[in-house]
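Heads up, the next two complexes both have chain A, just with different partners, chain B and then chain C.
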Partner chain A sequence: MEIRRYILGRLFQITLIFFVILTVLFLLFRLAPGDPVSRMVDPNMTPEDAQRLIEQLGLDLPMWQQYLIYLKNFLKGRFGISFHYGQPVSEIILNRLPNTILLFTSSIVLAAFVGVFLGKIVSWKKGERIDTWVTIGALVCHTLFLPWLALIIIWVFAYWIGWFPLTGMISAEIWTDPSAGLLRKGLDIAHHMALPLTTLFLIHFGSYLLVMRSSMLDTLREDYILTARAKGLDEATIRNRHAAPNAALPVITSVGLSLAFSINGGALTETVFTWPGLGRELVFAVSNNDYPLAQASFLLIAAVVLTANLVVDLIYAYLDPRIRY
Partner chain B sequence: MKTGNEQRDTLAAPAGRRDWLAGGWALFWENPIGKIGLILMACFALMAAASFVPPLLDPMYHPMHGVDPEISHATGPSAAHWLGTDFIGRDILSQLLAGARIAFMVGLSAAFMSIFFGTLIGMISGYAGRFVDTLLMRIADMVMVMPTLLVVLILSSLFGQLRIWTIVLLIALFRWPGVSRVIRAQTLTLKHRPFIEAARVTGASHLRIIFRHIFPNVLPLALLYMTFRVTSAIIIEAALAFLGFGDPGTVSWGMMLQWVWKTGHMFQAPYWLLPPGICISLLTLSFYMLGRAMEEVLDPRLRKEGESE
Partner chain C sequence: MALLEAEHLSIGYRTRNGLLRAVEDVSFSLELGGSLGFVGESGCGKTTIGMALMGLLPANGSIVSGALRFKGQNLVGISDERLRKLRWKEIAMIFQAAMNALNPIQRVGDQIVEAIRLHEPEVSAAQAAERVRSLFSLVDLDPERSRDYPHQYSGGMKQRAIIAMALACRPDVIIADEPTTALDVIVQAQILAEIRRVQKEMDVAVLFISHDIAVVAEVCRHIAVMYAGQIVEQGTREEVFETPAHPYTQALLDAYLTIEEEDAALPQAMKGETPNLIVPQKGCRFYDRCPHADAQCRQEPPTWISLSPTHKVLCYGPRS
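Coming up: the complex of A and B.
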């Protein structure tokens, strides 16, 4: 049962990293120039409310006590009150979390599958025209500037052709209509998600495709492929059953390594499409000096990235028996 | 003593480095990807150089402060403004040229710094091993999972509007771990090679071994990674400016996009929306292509693949 030790090890590492992020964030918010109290307590609050919040967050105590209270509050999910919304920050970010996970996960999974599939095909046609063009296309997609691509996609598909809504995640009239069923609501979200999903997909699939292509080319030089050929297996079987599963492993590694990049892209996409996710909330909070909201959104995004890292590791361990046993 | 040093140095730097460079260049130039990348980059370098010209012709062509007195809103291309003007009558072409200069400045300096940190940390980690290695690599793991854009964003909320050089430094501080891992791996393979052993036997200090013997051998790899870091630095700065957290004193391409977007011109002014985005994408593409072509030169495995084509 080596895999259990591996998972526990990774879990420990990730918890440690998160703890360090938590601590660094605490120090930054207390030591940055300016008054730390005004950063955590809305200047427009009534004095009584402000006093209660100061006591709850321990802002009048020495630093080390503040730190302990900060950790305790974190475990209880208390992040203070948002300046802009006037609601507890935890309610806001927990409300945004599923939206981010939905967009983030579906775009990465889709991009990985398409990247692996196309990479597999073009590696087999190496040197032919289709290989050259798909490779160049992937390179171009990978280096497109994401916010710009998002604007162009909105311009063409939402404004010009008008197939998709300009922004947002839901149409108010469908969600306030009591007769609307779950299916109709789901389709409404899908309709809104199509463009942000396309944007993120286009940015990601190119790099996965390139990784898969070069990994396939490496795999094809292995002896077991020669053996498969010698056995007289047909090309499709060699490609799909012998080469591709092994060649796909580096793609999973590359998904893991590019997660931080992906979450940056997710935040930009959410902002341009006004998708109500964590990334957009962070950008919005920073623009409006809503410090409690910014801090908590950042922490939750860090948690999402770390969890995604763990998931990628688990998938890798599951697929690669060298780690499992 | 002198001769001893010289002997050591010839061991570190194998004869024929110049031939190797010439051969590498030939391989690089044969590759269409490398050629396209380099030509594209040369075009942008020309743009950056040309950015000094328009403000000299007429003060209204100053990318930041120059305003055409007859224009007070966004207008399309004309004889006086080849790419049109923005919402207050500034010339888009001169902004675009100035943006090329900023992009090179940001990309190259951030990449250089992150490569500097990454190479140094990678060499120390690989050479020292044990505790130092574990500690540095754990830190690298930690920094690696941080989304740089969002980190800089939260820092700008705490420290106020960031200057362009602060942004460059922050990008460099968060983009070294990838490089340091590669350099560390390379250092580990070099560490037990005979010429390092020889240097150690002749009494070279650790510092001398690292900088005189290991450094020249990891340098090509570091330069390769520098091209990829340029790409990511340009993208991060542009994205930051796009979100409205750039240096307000600079005209970068990201800034231009932010103006188009925030003033609501994205559906009305394609002459304004298209150029900055195309420039960012093509410049990052050119560095990326350069990197991939260099990779094929440096990695014999990939090279063989290229030759069979």
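Coming up: the complex of A and C.
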């Protein structure tokens, strides 16, 4: 029962935070210098279309009414029409979001698993050669500048050796081929995803490994580890059943944080690899003054970050009884 | 034959400045069902002895010389594999209550079941859980609470659970290292009573380690007073309490306020500090702090003097 109360409490908090973000975004886009009509309505629209949009968004009404309409539109999923694409913003975003989620979730989850596993192993061999080299390697990966690493990886594997495609997420010839099955299409995406995935993996796994390693070293000094030894357990059981589950808890926090930050880094990665995701769309929208698209992207990013945090909290609660009760 | 026996045991820690002799030439024995208490201040080597018995000395610590026998079998140089089999099954340990001796993310009962099934694989999970319930009853814990996590327990409950865990495999010896140090006085008294009771009921030998001579006297029939890595006085509880022979034991006992004496002055802190254990001094280790020290004490280390068949002291001129 405690867990249900905990989840409900967290859901309430997150809804509240999201509402605040929603309001801040509203104010940001209305109070910015210039005329909101010119920002929310595409100058190239016909006067009739423009008038319809102005009415739909309530841009000719007082601020508080605009706010209510803004909330209503948000609940109905209406974010206006993208200037650039001439399509409803919600369609564009729903189109891009899965791509972003696919790339980031898989790379971060992979990085977390590898980081935790290697961190656990090297902490057990502290001071030995493998510990030194793996730790140095992780430190290097952790401090690498992401765009630089991305460009080097593209240069080596896509351009020089040519194992992987240079850009994009799919090959047109496969996806337009009616005989191509799901497997072939999936493999095609994986082929395109390999390089951005590797880049994100390398950037993230180092920090997870370092966190796990130091957390393990702290945990090994805990008294319950001494108890486990005194009980007569063998080293592998002590490491895997008593030390690692406790030591992994801070890593989960770190994963939550990097999921949140990966959206920023995501814009860079997606741009370098021309990955058709939300981060790239946001950069595009901002640099092309596509306000409706930018506003909705910001909202969605907030939603993604909050959801990721919620998921991390739930995993934490599942793993650590001290949180749940 | 004694259940547990140490002969001229010396234990050292390798440090950057040289070998630190934490325990020097210590001999004692513990009979089946008996109780022996080690008293002394922090750093006198009492915990080191406990850890050596469990084979849990830190990586830089090792037994330098002497023998440590359990049921006649020398524990010095024994293989890890055989030591693991001895641990908990034969020699269990009760740790300090303040220490996180229980894994915070596992149910308390499961941690005890783990110990049972490790040493008795033939016991089913259900049987082990049943044993945990009866152990909980034995130490006055509600058996239903075995499904709880450690953070749901109070300090005293944790300590009871740890005692239950120590008894799980019916060991012959329990080493209790400062088991009541972090508890308040009332809970401390309850836990001590608990240890005495289970010791009697299960006929288990107890090796009790504490800085508090009054606590040791509550539980143990025999007391060994340690100073700077050596046992300086050894005897029955009555002998050590009523006729303390070593000046250090006398100082320890003087440090107690008695309730009866109103307006009694606070006990005086002992002057000086404990000696350096890396470069031991020539004579008696207590020389610097001893009120009765003379030239002989400074030149040569003292030898044991027997005051009774059970009472002996490491001092030139024991005073009573």
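Keep this in mind: the second predicted complex is superposed on the first by the 324 of 325 C-alpha atoms of A that agree within 3 Å, B and C clash if a C-alpha of one lies under 4 Å from a C-alpha of the other, contacts with A are read in each partner's own complex, and residues count from 1 in each chain.
Note that in this section a contact is a pair of C-beta atoms (placed from the backbone, for glycine too) under 8 Å apart; a residue touches a chain by one contact, two chains touch by 3 or more.
Computed from a prediction, not measured in an experiment: that's the story for all the values here.
Visitor: Identify the partner contact of A:Ala230: answer first if only chain B is touched, second if only chain C is, both if each is, neither if none is.
Guide: In the superposition, A:Ala230 touches chain C alone.
Visitor: Counting only touches as set out at the top, which of chain B and chain C does A:Asp320 meet: first, second, both, neither?
Guide: second
Visitor: Who touches more of chain A, chain B or chain C?
Guide: Of chain B and chain C, more residues of chain A lie in contact with B.
Visitor: Thinking of the overlay built on chain A, is A:Val286 touched by chain B (first), by chain C (second), by both, or by neither?
Guide: In the superposed model, A:Val286 contacts chain B only, not chain C.
Visitor: Just to be sure I read the superposition right, which of the two partners does A:Leu151 touch: chain B = first, chain C = second, or both, or neither?
Guide: A:Leu151 contacts chain B only, not chain C.
Visitor: For A:Asn246, using the defined touch cut-off, is the partner it touches chain B, chain C, both, or neither? Pick first, second, both or neither.
Guide: Touch partner of A:Asn246: chain C, not chain B.
Visitor: Please indicate which partner A:Phe29 is in contact with in the superposed arrangement: first for chain B, second for chain C, both, or neither.
Guide: Once the two structures are laid over each other on A, A:Phe29 reaches chain B alone.
Visitor: Tell me the contact category for A:Leu306 with respect to chain B and chain C: first, second, both or neither.
Guide: In the superposed model, A:Leu306 contacts chain B only, not chain C.
Visitor: In the complex of these two chains, what residues of chain C are touching chain A?
Guide: Residues in contact with chain A: 54, 56, 84-89, 92-93, 95-96, 99-106, 111, 114-115, 118-119, 149, 151-152, 165.
Visitor: So in the complex, the part of chain A that touches chain B is made up of which residues?
Guide: 13, 17, 20-21, 25, 28-29, 32-33, 39, 126-127, 139-140, 142-149, 151-152, 154-155, 159, 214, 217-218, 257, 259-261, 263-264, 267-268, 271-272, 279, 282-283, 285-287, 289, 291, 294-295, 298, 301-302, 305-306, 309
Visitor: Under the touch definition given earlier, write down the residues of chain A that touch chain C in their complex.
Guide: By the definition above, chain A touches chain C via 222-224, 226-234, 242, 245-246, 319-322, 325.
Visitor: Which part of chain B faces chain A closely enough to touch in the complex?
Guide: Answer in residue numbers: 33, 141-142, 144-150, 153-159, 178, 231-232, 235-236, 238-239, 242-245, 257, 260-261, 266-267, 270, 273, 276-277, 280-281, 284-285, 288-289, 292, 301-302, 305, 308-309.
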